[in-house]
Structures are given as structure tokens and as C-alpha cells.
Amino acid sequence: MQYLELLKNMSLVQWAFYFLSVTTLFGALGAVMSKNTIHSVLYLVLTFFSISGIYIMLNAQFLAAVNIIVYAGAIMVLFVFAIMFLHLKGDHHGFDNTIFVSALTAVGILGVILTLAIKKAEHFRVDVNNFNPKIGLIENLGDVLYKKYLLPFELVSILFLIAMVGAVLLAKKEK
Amino acid sequence: MIQNQEIVEDLVGHFGEKVFAFEEPYGLLSFSVSPADIIEIVTYLRDHKLFKFNFLTDITGVQFPENKGLEFCAVYHLHSWKNRVRLRIKAFMPAEKPEVPTLTGMFAGANWMERETFDFYGINFLGHPNMKRILNIEEMDYHPMRKEYPLEDATRNDKIDALFGR
Amino acid sequence: MDIVLIVKSIIIVTIFAVSLGIAAYETYFERVIAAFIQDRVGPDRAGPFGILQPLADGGKLFFKEDFVPTLADKWLFILGPSISMLTALMSSAVLPFGDTLNIKGQLIDVQGMDVNIGILWVFGIVSLGVYGILIGGWASNNKYSLFGAIRAASQNISYELAMGMSLLAVILVSESLSIKAIVQSQHGINWHIFHQPLGFMLFVTCALAECNRTPFDLPESENELVAGYHTEYGSMKLGLYLFSEYINMFISSAVIASLYFGGYNYPGIDVVHDFLIKQTNDVTGHNIATGIGILVFFLKTFFFIFVFIWVRWTLPRFKYDQLMNLAWKWMLPLSVANLIIEAAAELTPMPFLASWVGLGILFLAYIIFRPLFLKRKLKQNLQ
Amino acid sequence: MSKVNIVDAPEGFEGSGFFATSLDKIIGLARSNSLWPLPFATSCCGIEFMATMGSHYDISRFGSERPSFSPRQADVLLVMGTIAKKMAPVVKQVYLQMSEPRWVMAVGACASSGGIFDTYSVLQGIDRVIPVDVYVPGCPPRPEQIIDGLMQIQELAKNESLRRRNTAEYKALLDSYKVL
Amino acid sequence: MQLTDRSKKTDKSDLTVIEKTYWPGVVKGMGITLKHFFSKKATIRYPEQKRYLGPVFRGHHILKRDEQGRERCTACGLCAVACPAEAISMVAAERVKGEEKLYREEKYAASYEINMLRCIFCGLCEEACPKQAIYLRHDKFVPVFSSRDQVIYGKDVLVEDLNDRYERDAWTKEDMAALWQKQKD
Amino acid sequence: MMEKEILAPKTVGDALALNVPLEEERELHIMNFGPTHPATHGIFQNILTMDGEKIVSSEQTVGYIHRAFEKIAERRPFYQITTLTDRMNYCSSPINNFGWHMTVEKLLGITVPKRAEYIRVIMMELARITDHLICNSILGVDTGAYSGFLYVMQEREKVYEIYEEVCGARLTTNMGRIGGMERDLSPTAIKKIKDFVNNSMPKVMKEFEDLFVRNRIFRDRTINVGPIKVERAMEYGFTGPNLRAAGVDYDIRVIEPYSSYQDFDFEVPVGHNGDTFDRFMVRNAEIWESLKIIKQAIDNLPGGPYYANENHYYLPPKKDVYSKMEALIYHFKIVMGEIDAPAGEIYHAVEGGNGELGFYLISDGGRTPYRLHFRRPGFIYYQAFPEMIEGLTVSDIVPIMSSLNVIAGELDA
């Protein structure tokens, strides 16, 4: 009964949050458990999509958009692309016990770590009164990236460049 | 311009009895060889310095049911582009064993022409890489161009045969 | 209820209906324009001037036997066209169709919503659109479909890059990601096309590629792949695919019009606005001016739709590897160059002049260095 | 929850009677104006079909300019040209792959009856393997005749009830061609 | 290989640097299509507008009657023999007394059938007819059929209707040639 | 073993659904291209073994419209075979018609009057134009540009109007007779031909070339796509435009002039390396040459009769049939097919739309040919197709196929 009350009193934002969480988890589970590789990639896309929804709720619209464009729109398409090309369709394993146990262990450990982390993080709760609602927006993001963290940012870009060159070299056929 | 006479003389001089039955119907030199010699003669003609019969125009088959013992005939048309001369070579073979060596080794284009001839007449080209029917369905159990087989589709029923004495 | 909310919902519904209606009639215009280009008359027997042709097509498709191939992945087979349609319809939400309407003293944007990442929204949705094709093509379990799907995927990803790069130059100049702001920054005749002709060309080419229109219609190139990704689709599922393609075409035209041709801006917009206000009153005048703006916007959009169709019936199609070459070896470097030129020009006191000078230098460099480059290539080939 | 009353349909309004007719008519009209052809062109008649698609005759006026080479999307199967016995299974297969409602038009003498090719290798009319709705005579027919044939099919489409494809007679027809 | 003295190489010169940017070709092509967009349309709106089929078009068959309305056909069977499609069949009958008004010759075709789906409209029957009885109309073509049992045309369709006689400029090739000669002069 | 598997799909549906990878090192898969694929304008099946989009090997199946021309010809009198030749290469049926008539005339020893020969030349060149137009414009369609196709189709329509004026049919013309033409050219026909040659066709042809020749997209699609070396082309029996594109100026009109071709001044266009673009360009250039020939022929059209005065072979005038017994007898004899053909053996070749179109005729003196064999250029050079497409992609084989201009009716006979 109490829970029903709780449900009744939930705000629109909360509804949206729980909906997105459920879809995220559903997608994630689907990605892991689906027997068809293409299906699991598509589940993963669903996960990304709902995570982007959560980003939006956090007022990080830019992050949400980039998440969709880069992960769902490009990387996952490449995944699907590769899988389609490689005929991985028939190449799936059953969901046997060892995997189940190891997965459970991993999830358990992760859960413990996360719980601890969240517990600790509670100390840094946002000050509701002085909260800047534009914190996740692109202007602030740019400000932070190009002023405060300029050096790391550029370093990261160089890192990417190196990775790209490496990838090209690897992909290039030997003559 | 090379005269047919020159070719005949050269061939007879080189092959002797192997080439025979020279004819010149409508200006086109035509002669017969035995099936076994066909490759040798075509090679000779192709590589000949003067004649240069470089182009295999056509291969086809003919059936002469009356010509007992040599019912089938493979007809080759060669063409010398430089000299603008054409040549017809015939190889007769018996109905029991219609076999002739293939020319696919020399002219890649002979492949399908030979297959077609096989399809139509059942002339077997020995050494052909892919001797099977080409135009008709594989399940067909006869060679339709032979004179003994009918042309018409047996199932047609909308004409009065008496009117067409074919 | 709040008047703003009501008007807003009316606007949203209208936008929805308008994009559907335009997409439907794009099929008609495609046929008529194609016919006119080819010295024909086009459909003229379904209603006067064949005006009912789209309805006939729709009616037929709705009542055609719905069919799922036995070997197909049933759910994905259905999901494919749905995603295509969904993504196509979503992107019109952020397009500013006009300036503001003045209703009871409240200024309401003629726009679904004005998010500050508007252009990224369009971009993201478009990049998701490829899933529709991808899933549909894969689920059909047909070689030709699969080829179409794979081509669509690689093509969309490749052209998105160049598209994003040329877009960056626009964002750089107008200093905002919101389409509304971008349009406003081109007030009057200060359109981006005049500043960034190269960017415009690149963007249009990429838009063609993203919509899978000729010369980039490889995913469904009918002479090669029968019908590409929708080979196995019939009835309304096919209808949805075709429809979403046309909606995409409309959206791209609208985006091009907003990004490079000033959206609802037109020369002398202020004069007209002032004149109308003087003639009537503040409210009516403003609203009429907005109406004119909307009209102008649609005119521009229709022009681009026409260009899309015109191009389709003129140009031959690329080949897959040439398409990739074009994307990676031409479009991407050029768009980066464009970005650099625009960025540099922004730093100078006269951005307009500087950008043109930059482009001139780029072109000269191409003319000069191209032969050298070719010679080296030739040498390499010879070795 | 209150009890929901289901109102009985008025008497005599059932079947392909009153309700159906107006819808039938509209959809029939729609179908007839949007017949997407599958040009199954094998020989000469295919070349005349090109002329039919061309500017002088312009099949698009009838809403049929979108050739659907995928059988799933086509409404009319235009068999143009000789169908050899080797080809017959393919024609049948294509017909089977088309989704309902589908029409078949045999264009030209060869497709309709074999024409001058009364030979061992030619199918004497495609109606031996699939049901044909319209025959167009001629060898090849003029584009006008092909358009006539198309208009005949439009007529058929217009006057067909939506349920025809589910009726027993239609099933029997398909059965007689062994295409079910 | 050079065989004649008439050979001419086709132009396969490289594209210029500007042409390599795709734009000149694209612009030129679009210009051409735009020109056609505004040009006059070639379409003949068929059922409403009909195209002239030429003076010798080979269309619908007709069994001519002579000036007095008698059938010309004498059932000699030449047309049937000449038909490559074997589409014509006929049954001959002797004319009896009292039928002189109906048939010109002493023999006539009691039944005359053409299978319209077999016919290839080659015109050989018209040419073969020694009595100028069968013609292929130049102004009309055979309509489409929607059922197999309509396709064999009997005399009821083929014989000329006296109330709607078929006319053409010239009935034989020779007349036609004379007519053309006159046109030329 | 593997070949068996490749041949397994008998129908389109089977093969379309075919999704079985072959067990090999590279992951090869099979794709079925035809017989109803839109790009196989005629109908033949290509079963492609592919590595990704690259073609590793291919297997052709033809015979989907095998109609047994040669067998029918053994049952038909000489004049009825014209209707068969009409349907062989239906894009240029007058060439086939006249080629056949010339063969028979050679057999019968008929000399055709000059006027008839000139009219034949005009008709044959018109046919060549339509043939090349279809081929080239379809190449445009196959590379995705549809409008050019419809522009030139309007010109083809004009050629058909001329045909209609001359013989009353559009495609399967049946316009010649043994010994000459069926009809003379009418003044309207001459006017139409002149208008076609001088005004409309050059204009449209220019436009068509403008649309394609300097367009980089088109060039990229065709240049160096499917080239074939001269030697290889000759081994494969290439003739006609496809051979000329490879660089040999082999043209029967020049080498063995028939039907007064020696009277005309024209050039033989040759290409460079025999790729798709060369074939396109050679055909284009040939259209221009054909126009030149027609112009010369129509301007110098000799007077006189349009048929040989051989009443044994050419149907007598209808008027004579009524009045003269002799004419009536000949009329019956000719129609019954009882002309006295001498026994003999003939090979006659004409330059068809696609290459050397040969007629090999054996007559035993009967009313029908004893054996008639057609040397169909399409049949012979289509063999080279697998070699030409090896290592290319699906997008390439479509333009190659259409630029080869294989006409299924001719190929399958």
C-alpha cells in the first residue's frame, strides 16, 4: 500500500526517470542475454538511448545528443555493420552455468563497489538553493573544457590522433 | 589478296590426303577433314605467316541422315582479317560416335558454340571443359535439332494441322 | 487552460500534419517534376491533374496483402520501417518554421520546441534513422536487402562526418547550436550561403547522401540491387519506408533553408514588419509578418525539394567505392578546410571578405597542386 | 465496470453488401490508379514497353510508372515476350512471390499463346502456368495496345470487391493452376 | 590492329582540373534537364488523343467485300499457308444458287477464323491473298482480351460491315506507289 | 561438388533466399543475378560467387528464351523466315531482315537494283541507330541517369514512325522481300528521314553526349571498367562495336561491302582499351557515322525500281494476278514456297547492331532451307562476361552488361 501511495505521489520527472531506468536495464539485460548478436546490439542501442534520456533529465542536453550521435549513431552502426558482414549469426553460445555464476559474481562485486561509492558520494549532494540549472549546457561545458581543462583536452585529442593512425596502420594491407 | 587456289595448294602440299573434298560454293573455299585432324589444321591455318586465319567466326553442326556412316558434320568458319578471306572446314563423323576434338584451347569463343552444337545435335567435343547443354533445360533427353525430332510443341491445340502440310 | 499551451499544441500538431502532407505530396511532385524533366506529363488521371495520386498509392498500399517472408526475423522486419518513420517524424520538432506569433501579448515561437542543441537533435535523429534501413535490410534475410543495408550504414556514417564538419562552420559563425538562433543570426539577407558557399555545397551533397537520393541512392539502387533494403517489403511497410524517405527529404530541405538560406528571413524583413505594424496594429501586423516569414520559409524549402528531385533525374549514380572516396578523400578534407577558413575569417575584422579570400586561396591551391599530386601518383603507379 | 452493450449490426447490412460497397469502390479506385507493374520483359515486347514508359506514351499518366522489380511491391505482372519452358518456373515463382491483390497481363503473342514459336522449347502461353487477367494481342503490341491492356486491368481493379481474394472461387482458381 | 584506312579514334582525353571537381558536368546536366522541364511535352494522351498510325499500318484484320457487298474470299487457303504463326484456319464451301449476292466467287469460306493471340501482324496474308480479300486495317488495332475464349475471331468479326466500310488510300502496293508518285509531282 | 551447389537454385526465390556461406578460407557467398534482375535486360542468369562485394567467379546460364529459330527455319519457306529474323535482334530487326534476304538472293543469284540497295542501307543504318541508342541510353539508366534515356527514346520513336511509314510496323518490321523491298519509300517517309537526319537527331544526340561524356560521375563509373584486350577479344569472337572499342577497326561494311556500302564515305570509330566507356563512345560515334551514311544515301537515292524484276521470286503485282495466268501461277508458287531454289551452301555476314551477324544456309533445293544457322554475335561474345567481371563489384557488372549490349532474343536464338 505504501508503495502505491509512493507511486501516486511520484512527479512526472520521477516517472520519466523510472521509466528510463527500466528501459536501460531492460536493454542492458537484453544485450547480455540475447542469443542473436544483432539483437543484442540493438538492445545496446536501446540502452544508449535511454541513458541519453537520463542525461537530458540531468540537464546535460549536449552530452545526451553526443551520446546518441557518437555511440548509437556511429559506433553501434559500425558494430551492426561488422556483424552483418561477418555472419556471426550462427556463432552463439548457450547461456550456461559457468557464465551465469561468473556474471553473478561480477555483478555482485560491481554492486558492492557502486553502493559504497554512492554512499560516499552522498556527502557531495547538490545545494538546491544555489544550483545553476545551466551547468550541463553546452556553454558551460565549453567554458570548462577550453579554459580549465585545456591541456588535458588537447592531450586527449592527440591520444585519439595516435590511436587513429595506429588503426589505419593496422587496417592497411601489407603489400 | 590471296586466291583460294593458293590456300588449296599450300594445304595439299602440307597435309596431303588429310584435307579433301575441296569446293568453292559462292566463292567461299570449303573443304573437309577428318575429325581427328581438326586441331592440327586449324592451328596451322591460324599460325600461317601468310594466311593468318586469326578469327574463328562460327562453329555449328549439320545432320545428313541420308549420308550413311557420316551423318553428322561439324562446320567451322575461319576468317583471315588481314587477307579478307573466309574459309569453311567440315568434319564429318558417324552417328554412333559423333566426336570431334574441341577448339576451346585455341579460341576461347569456341566454348559456347560447341556447347550449342552439342545441345542441338549431340556432337561431343572431346576435351571441352564444360560439355553440357546450354540453351535447353538440362532434363531434356534428346537433341532437338536432329531431323527425326518434331519441331512443334506437342501440347498446342489451337490449329487444324490439315491446313498446314508441314 | 493556458493559451500558450493550446497554441503550442496546435503548432505542434500542425507541424506534424504539414510534414506528413508535404511528404505525401512530394511523391506527387516527384512524379510530375520527373515527368516534366523527361518531356512527359506525369500522372493526370487520378483526379484533376492527377492530384489524388498520393492518396491512390496510399490506399492501395494500405489494402495490399501484408507479408512477412518465412525466413525473415519477424519482429525486426516490422521494426525496421517503424523506426524509419519514427525518426523521420521526430526531427521536424526543432525546426523553426517562422518567427513568433503574438497571442494575447505572449510571443510564441512557430516551432515544436526550441532546445539549445537543436541542430544536434536533428543530427542525432538522422544518425538513428539509419537503423531503420539497417534492421529492415538485415531482417529480410535477402542478399540484396543486406547489401542495401550495409551500403546505407557505411554511407550514412561516412557522410555524417563531412556533414558535421561543414555544420561546425555555421555554428562557429552564428555562435549557437539552436536552429532558431542560427536563423536569427542570418537576419535579413545576411545568409550563410554568402559566407560559406563551400560549406553549403558540402552540406547539400551530404544531405543528398543522408537521404539516399541519387547520385547517392546506392542502398536502393534498383539496377543493381533490385530494390535494395526494401526488396522484401510490400504493402504499407514499404509505404512507410518510401514515406520516411520523403519526410527526410523535406526535413533536409528545411534544414538547408534554415542553415544557409536564412530560414524565414528575407531581404527587407524589417521594412515589411514595420510597414505591416503601421498599417494594422502591433499584434496583427506582427502575426502577418510572421505568416509571410513562414511562407518564405516554405518557398525556400520547396525550392530545395525541387533541387533534390531535379538532381535525381539528372545525374548518374556513384559506385560504392567512389562514394567512399568522395566522402573521405574529398568531402572530409574540404569540410575541415572550410572550417579552418571560416574560423580564421572570424578572427579578421572583415569576416565576409576574408572567407571569400580564403576560398579563393584554397581553389588556387587545388589548381596548382593537383597536377603535381597526380604526377606523383602516376609515378607510384608506374613503379 | 458497467456492462457493455454490443449493438447488433442492422439486418441486411452484412457481407459485401452495403458497408463494403463504398469502401470497395474507393479502394478499387485507389488500386486502379496505382498499379505498379513488374515488367517481366524477356524479348521484343519489352522493348515496346520501354516505348510505353517513354515520353510519347507515358505510362505514368495511369500512375504506373514505378516499375517494381521486386515482386513483393508489384501489383501487375506484365509478362512481355516469349516464355520458354526453361523460364516457366521462374514466371511462376515470381507470381507466387507477389502479394495480393495481383494481376497478370500477358503482353504480345508469345506470352499469350506462344505466337509463331510453336516449338519444343516455348511455353504455349503463360496461362498454362499462372492465371492471366488480360491478354494483349500483337507481336509486339503497339504501346497503345499495352496501355489498353493496362486500362483493362484498371477496370478489373476498380470493380473488384475487397473480399474477392478471400473467396472460395478465387482459391479454386489458384488451385487449378497449382499455385497455392 | 589496323584493317582499314578508315579508322578513327574516339575521344578519351582526360578531364580538366575543373571538370574533375564534378561541378561542370553536374551543372551542364542540370541545365539540360531544366531546359527540358520547360520544353513542350511529347506525350500523346492516348485514349483521348490518338496517333496517326501511318498509311500502311498492319492492324485489325478485315475480310473485304467488293463494291456490291459480296465477300471476296474464295477460301483458297493461301493466307493460311503464308501465315508463319499458323493462326488462320478456314473451311471452304461451294456457293449454291441464290447466294451470288453474298459471295463473289464460286467457292467461299464457310468459316474463317484467325487466332488473334497467335497472329503476329506480319502482313504476309494480305500479300498472299490473290483476291484482295483479307486486309490488315491501317486505322484500328485488335482490342485486348480478358478471357481466352474471345480470342478466335470468326467471320462475324472479320467480315467487313456494310454500314461501316473500311476505306484506305490505296488497296495494293502498286496503287500506293502510283499515289506516292502523284504526291511527289 | 561446389559447382553442383552453385547450380542448385533453380528459381529466383530459391536463390534470393540463398544465404549459405561456402566453407572456405575466405568467406565467400553466392548471389544470384537474374534471370529476372532488372539489369539483365534480356534474361540470363549470373550466379556470382562473391567475397564481400567483390566477384570471385561467376557462372552464366542462358537459354531462358530459347525459341528454336534454327529448327523453325527448317520448316518454313524462305520468305517466312523473315519474320523469324525480325525477332532475333529485335532492337535492329531490319538489319537481320536484309541480311537474310541478301543471303537468299546470293543463293538464288538475284541482283538487287541500286535503289533497293540504297533504301536497305537507309533502313539498316536507322536500325543501327536505334540499336545503339537503346544500348547507350540503357547504360545511362543502369548508372542511374534515367532522363537521358527518355530523351533519346523520343528519337527512337521518330525512327519507328519512319518504319511505320515504310512497312506498317514498329519493331518487327518485316519490311524487305527477297529481291528488294516490300514498298518504295513514300514522299512522307523521305521527308521524315531527312528531318530526322538533319534536324532532330543531331540535336538530341549532342545533348545526350553532353549529359554523359564529360560528366565525371559517369566517367568514373565506366572508364577502366571491364576492359578487354584486343587479343583476348578476338579469341572470344568479339565483333562489332565491342571489338572496335578494344581497338580493331573490323567492320564488315568496309571489309566485305554488301548492299552498296562501298558507295558511302564513313569512318570506323575505334576505342582505346575496350572498357565500358570506350564501348559507349564507339557506339555514339557510330551513330554519327550512321547519320552520315543515311544523309548520303537519301541525297543520292537513285531512281528506278525498288525490287528485282524476277517474277519467279518476287510477288507479281496484284493487277497481273487477276489478268495474267502466268502471274497467278507465280503468285501461288511463291506463296506456297515452291520457288526453285538451287542447292548450295552459303555464308553471308552483315554488320549487325552488335557485330558480325552471319547466316549459314544449306539448301538442298527444297522449299525450305535444309539447315540455317545464325551466327549471333551476342551469343558468342557473352562468353567473355565472366572474365570481364572478375574482381569487380556488383555495381560494375551492371554497366558492363548493358554496354556489351547482349540481346537475349539473339543470344538464345
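For reference, chains read A, B, C, D, E and F in written order, and residue numbers begin at 1 within each chain.
Quick note on the criterion: a residue touches a chain if its C-beta (ideal position, glycine included) is under 8 Å from a C-beta of that chain, and two chains touch if they have at least 3 such contacts.
None of these values were measured; they are calculated from a predicted model.
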item	value
Contact-linked chain groups that survive once chain F is dropped from view	one piece
Intersection of the contact lists for chain E and chain F	B, C, D
Chain at maximum distance from chain B, centres defined as averaged CA atoms	A
Most heavily contacting chain pair (counted by C-beta pairs in contact)	E-F
Rounded Å distance, chain B centre to chain C centre (Cα mean)	63
Centroid spacing, where centroids are CA-atom means, of chain B and chain E in whole angstrom	39
Gap in Å, rounded to a whole number, between the CA centres of chain F and chain C	45
Distance between chain centroids, defined by C-alpha means - chain C, chain D (Å)	37
Residue numbers of chain C (touch at least two other chains)	34, 37-41, 44, 222, 226, 231, 313-315
Residues within chain D bordering two or more other chains	55-56, 58, 61, 69, 86, 113-114, 116, 118-122, 139, 142
Chain A, residues touching no fewer than two other chains	85
Touching residues on chain F, where the partner in the complex is chain E	76, 79-80, 82-84, 86, 145, 147, 151, 154, 157, 161, 164-169, 172, 174, 182-184, 186-188, 207, 210-211, 213-219, 223, 230, 247-251, 254-255, 266-272, 277-278, 281-282, 284-285, 315, 317-319, 321-322, 328, 331-332, 335-337
Chain F contact footprint on chain D (complex, rising order)	40-44, 46-48, 50-51, 53-56, 67, 69, 81-84, 86-87, 89-90, 93-94, 96-97, 116-117, 119-122, 139-140, 142
Of all residues in chain D, those that touch chain E in their complex	55-58, 61, 109, 112-116, 118, 125, 127, 132-139, 141-145, 147-149, 151-152, 156
Complex interface listing, chain E residues touching chain F	1-4, 6-12, 15, 19-22, 24-26, 28-29, 32-33, 36, 42, 53-58, 78, 81-82, 84, 120-124, 127-128, 130, 132, 136, 138, 171-174, 176-177, 180, 183-184
Chain C residues touching chain A - in the complex, by the definition given at the top	73, 76, 115-117, 120-121, 123-124, 127-128, 130-131, 134-135, 138, 146, 149-150, 153-154, 156-157, 160, 177
